[in-house]
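Two complexes are shown next, each including chain A; its partner changes from chain B in the first to chain C in the second.
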Partner chain A sequence: MEGADDLSLQALTLARSLGEARPVRIEGPYAPSAWAAALVGAAGADDIVGPGSDRGNEVLAHVAAQLDLPFAANVTDVAGEEVTRIRWGGTLLEEARIHAERRLLTAAPFAFEATAGPVQAQALVPNLGDAATVVEHLAPETGGGISLSAAKVVVSGGRGVGSAEGFAILEELAGLLDAAVGCSRVVTSAGWRPHADQVGQTGTKVSPDLYIACGISGATQHIAGCKGAKKLLAINDDPEATIFGHADYAVIGNLHEVVPAITAELRKARGA
Partner chain B sequence: MRAAKPVERFDDLPLRVRNEALIVLGQRKLFQRLLPGAVHASIFWGFLVLFPTIVMALVSCVDRSWTIPWLGAQGWFMALVDAFVLAVLAGVLAAAWIRKVVRPKRFDGSHLGEANAILALIALVVLTLVGWHASRIAAGLNEWPAHASFLSDWVAQVIPAPRVLERIFVWAHVITILSFLAYLPYSKHLHIATAAFNVFFARTRGRGRLEPLRFDVPDEELRFGVGTVGDLTWKEMVDTFSCTECGRCQDVCPAYATGKILSPKLLIMGLRDQLLAEGPTLLAGGDLSPVVGNGVPEEMVWDCVTCGACVHECPVSIEHVDHIVDLRRNLVMLESRFPQEAESMLRDVERIGNPWGKPQGDRAAWAEGLGVRVVEEGEPAPEILYWVGCAAAYDERARKAAESTVKLLQKAGVDFAILGARESCTGDPARRMGNEYVFQSYAEQNVATLNDSGVTKIVASCPHCLNSLGNEYPDFGGRYEVMHHTELLAELVRDGRLQPKAGDTEITYHDSCYLARHNDVREDPRELVAAVGKPVEMARNRERTFCCGAGGAHMWMEERGSAINEERVREAAETGAETLAVACPFCTVMLDDGVRSSGRQLRVVDVSTLLAESLDA
Partner chain C sequence: MVLTDDGQALQTRHLGFTISPHEECGVEEAVRIVEAQGGEVVALTLGPAEAEDQLRECMALGADRAIHLVSDEQWDAQGTAAAIVEAVRAAQSEDAAPFDLIVFGNESADAGNYQVGIRVAYGLGLPVVTGVKGLTVSEGRARCEQEAAGGRDVYDVPLPAVVTVKEGLNLPRYPSVPAKLRANRKPIDARAVAPPAPRLEQLRLVVPEGQGKQAEVLGHGPQAAPAVVEVLQRLGVA
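After this line comes the complex of A and B, so read on.
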């Protein structure tokens, strides 16, 4: 277990439903193969249950490899050797049978109530000497301004912006909204913006509260990058543009008129 | 070779013999380029004819009076010899002219000095042969009627007659031949020993099929593509030794043509150089260095669109795409190393079943209101299963082709249905990226679905799906009759079940690599184009088409250098056509993007949509 975080406490609930559970906590830097070896070494248990986090799934996969046993990730329900697990990015619930005496499981996030109250977990210290990988340092994302992937609002421009200079009006609007500026692939191909600003299949995936798409036609490759947005506002002068099929709000008009108008209205509303 | 990995290439013997006759003896692939083909053929056929004279000369060194019984005394044979001596000389001169004067770009990066030495040696071989025959005539030693060998006889008139001259020439001739043979293993000219084998052992089945990796074998036989030269199959090794650096592959490579660092020729040369350098270590069982980063730069591996133009062009049947995919397999499966932007595609294919991460439940959304039957579990199979593919199911531009196809099939009264949410990615993009594991799990899953439903005949909208379903799924127990929608539609038009109206729009048809080159579908889409408009051809067409830039999973990667799709759009626009017809969803998207970014006026549209419009008109 990674510590008394919520996902681990949910996993503990699952473990307790299977029998007498012995919570353990692994200490030290993250090293999946060594953590798994520590869990295997601490054995005595019939089943091993972990949290359905990226790390939990990775460590249990290593445990499975080391014990040569099957592993079921992201389970939502367990009855004997029958498990129900989440597959295909959450679009499918699969009922599967585990063909082994020992069950290796991770609990799907938020499928179980977290165990309440203080939990006494035994500390395990893995031997990092034979670890294939040790995470020594996590570098936070850097870069000026607001990062695309974390921004609450993204103002994004496509071919319709017309030039690198054309982005000035988008920058201005973004400044007022504390937004990040993004763009489509056409824009980076044309050299108007750096690739780091590209939203889409082969760029950054964003999930802001509001995504403002200016002069973007809405190719599948672009939508793949902004489908996580809660609300999508599309500004385009082509009423046939595909982007409108994905938009919550649509403005059919030239972005070079619409965007400055929004900026002006915002300024007026804020009394600046 | 002793240390090479196995690969099955002993099947289909009659076909292999036929290929050998056509490609080696018939020089068919060389003649894909007329002048260089004629140059090579004159030298190659020349030496086939001259071979008996080499035997004669070798023995004659020690026994002056020996010749091959009967043949050595035939006037017609000696006439033929002289004729082919002239052919070889003409060939050498033309080759020298091409190399020294024309200097085509395909030789960029080849060993030019070696080629010069070899051409000089070839010339010397035939010149000393003529000298030997002439001096034999002059000394009265000829077993054959002197006038028959017109060239040697003429030379005999102008050289002195001492018998010692005959000895000098025969030794000069033999020493030249032996020097040539001694030089051979150290030069790219080794192809005269290896090419015939390489052609014989080339793939015989579906060109678009990749050799599956076996995961069910004991650990020591497990192979995850190619990491070091020790992972090469013996065919891959012979490939590298067969390359003569002629550069035809480089000339047709879309990546090279648009300024990427990939040249199929340099890839094979890099592999060969590393194999030769590490050969002794390999045989001794020592530690080998990785191929990627040493013999082959990493970027080169990812530049490839797997269009197969190089494989089609190569006169000695080198299979470049197999090398590329094997290198990718090792990078992806063992090191998880691939262009970062492709990560979400690989993850979405693996977890969600399509490359864009769209919900599986929306897969049949495009067909809503069109009255298309969805085969649910346990329901009887239709006569034809329409395999929609992820692109047509989820991409707005590609979707139009599926809508048109469905309307046409309904109009013609074809009994068809789709799998709806039970269809998933065929695994093609993952496989071309090197993730064989994900591909195989999809192959097994889809084969199970199709077999359970009793499907026998499939029509695919996407040439990439078509290739996997038809050429690759048989390896996983799925055997179906698979055709492309343009094939079926052409059949329906021929049978009179669809009657399009002729139009006068000029249409140029772009061949998809996976359709025209990998699966031999070239004329059916053209028939449809001709039925609805006026066809005009681009320079690069049919099996020698030029990729749109999306193959080999490049649909989901960033492109370095100038864009392949814009190059193809430029070519299409030069035909003057108003319409650019396509038959592949990826070509649709790529070429439409190319038209937009180059600001041209060209309508990119699937052949099925053109046909549907013609019926509605």
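After this line comes the complex of A and C, so read on.
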């Protein structure tokens, strides 16, 4: 739908599992209601499948509202009129039944293999009319440093860090590892770090090779944001902390002692 | 996560409820607009009797009054949107004044349907902008910044309008004790509602496999540092 991006190619895999699929590509400025109307016009009486991206879910919700049909967002499996879809940011699944003659679905990110290209897609040009449309694009604020979503390593702090200043030791370790610094929701709510640094269901979802969680208890809200990490190292002084149930490696101890010790050991190992 | 025996809900006996992050920011934003420009903030929820606590939280943040659509039953997104449309229409006809701005969380923390705000906009015939992380209301228009790949997309829509917002739009205040006490005296218009037959019917909830890992303990305290560095080297990130 948005060109051949990966989530769209995953959605195409889901669509093909339902029957013969007709991929379409929508052209022109983004205008969700107009894009939805173009899709509705092109689909006839067929099912409509989109990617589980912000835009995919938005356009399909407009389609559903225009057709007054149910819409199942972020499905991981479909069998006839029964679907499985993600809830609580993917920490829980829901099995549901669609009561309608047509299925409107988005594919949960990374639940399906991407269809191998190239894909021939029919181009749709929506009639913008008076649809709400994008009038301006603002470039990202340059925070400098490594972006959370692209980082190979994320060093993240939670309530246990204790203050904005407490992040200095995490910044130092992150600097050595070319890592991005993240945090939990407690930290942004307290104003210690900006919301852009928040890893979680309502923050950024990360997928680094290694996620180092320092003084983070492991609330569902946070796990939803870091469960894409290949490996998770948790440092926490509470051996009962929930985060250890999601971790590959554990250090039980006070992060204010452990993190500087790791930094020093790393420098030693590098012979600095 | 622990489910109830029938697999229809989370076991919440030992948990508390709170406003979800997106919605909390939505209430905060509405209160800030009214503080700056005048007007009134009305909080609305659909949920069981216990949801009154969250409405009190909204009023402690600064909402003037609340509407509580009371129901213990399962609602799908279509049914929820229809009930909200009806409640908004009723409130507007009682006050003989339309709401200038109707604010939703972009998606609920639990169900993640991504659609109730959009359906309400269609039901009321209003423009809608979703995923809003920056909002300026002036001269009968709303300038909305939506997070998008590589920055933000800006929309400019006439009021009245529906916006669905995301956490990060603002940093919600901590309500003061006097604000909480005042909230207890603010009015809630509670009315019982019943859901239509669901068209996306929840059959059961399932905890996905693979939760509950056994972590390898690298050590206790700073003495664990050499073992940690070994792991960093093994993973190729040192």
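Heads up, the rule we're going with is that the second predicted complex is superposed on the first by the 136 of 272 C-alpha atoms of A that agree within 3 Å, B and C clash if a C-alpha of one lies under 4 Å from a C-alpha of the other, contacts with A are read in each partner's own complex, and residues count from 1 in each chain.
Rule of thumb we're sticking to: contacts are C-beta pairs under 8 Å (C-beta built on N, C-alpha and C of every residue); 3 or more make two chains touch, one makes a residue touch a chain.
This is a predicted model, so every value here is computed, not measured.
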item: Touching partner for A:Val134 - first (chain B), second (chain C), both, neither; value: second
item: Chain B versus chain C as contact partner of A:Ala100, first or second or both or neither; value: second
item: First, second, both or neither for A:Ala219, with chain B first and chain C second; value: first
item: Partner chain in contact with A:Thr242 - chain B first, chain C second, else both or neither; value: first
item: More chain A residues in contact [chain B versus chain C]; value: C
item: Touched partner set for A:His195, first chain B, second chain C, both or neither; value: both
item: Touched partner set for A:Ala65, first chain B, second chain C, both or neither; value: second
item: Chain B versus chain C as contact partner of A:Leu210, first or second or both or neither; value: second
item: Chain B versus chain C as contact partner of A:Val251, first or second or both or neither; value: second
item: Touched partner set for A:Leu124, first chain B, second chain C, both or neither; value: neither
item: Chain B and chain C contact sites that coincide on chain A, given as residue numbers; value: 87-89, 91-92, 189, 195, 201-203, 220-221, 245
item: For the chain B and chain A complex, residues of the former touching the latter; value: 341-342, 344-345, 348, 351-353, 356-357, 359-361, 394-397, 556-559, 563, 589, 593, 596-597
item: Touching residues on chain A, where the partner in the complex is chain B; value: 87-89, 91-92, 159, 186, 189-190, 195, 201-203, 205, 218-221, 223-224, 227, 242, 245
item: Contact set on chain A toward chain C in their complex; value: 30, 32-33, 54, 57-58, 61-62, 64-66, 68-74, 82, 84, 86-100, 132-140, 152-153, 177, 185, 188-189, 191, 195-196, 198, 201-203, 209-210, 220-221, 231, 233-234, 244-254, 257-258, 260-262, 264-266, 269
item: Interface residues, chain C side, partner chain A - complex; value: 1, 10, 20-22, 76-78, 107, 109-115, 118-119, 121-123, 127-131, 145-148, 150-157, 166-168, 171-172, 197-208, 211-213, 215-226, 228-229, 231-233, 235-238
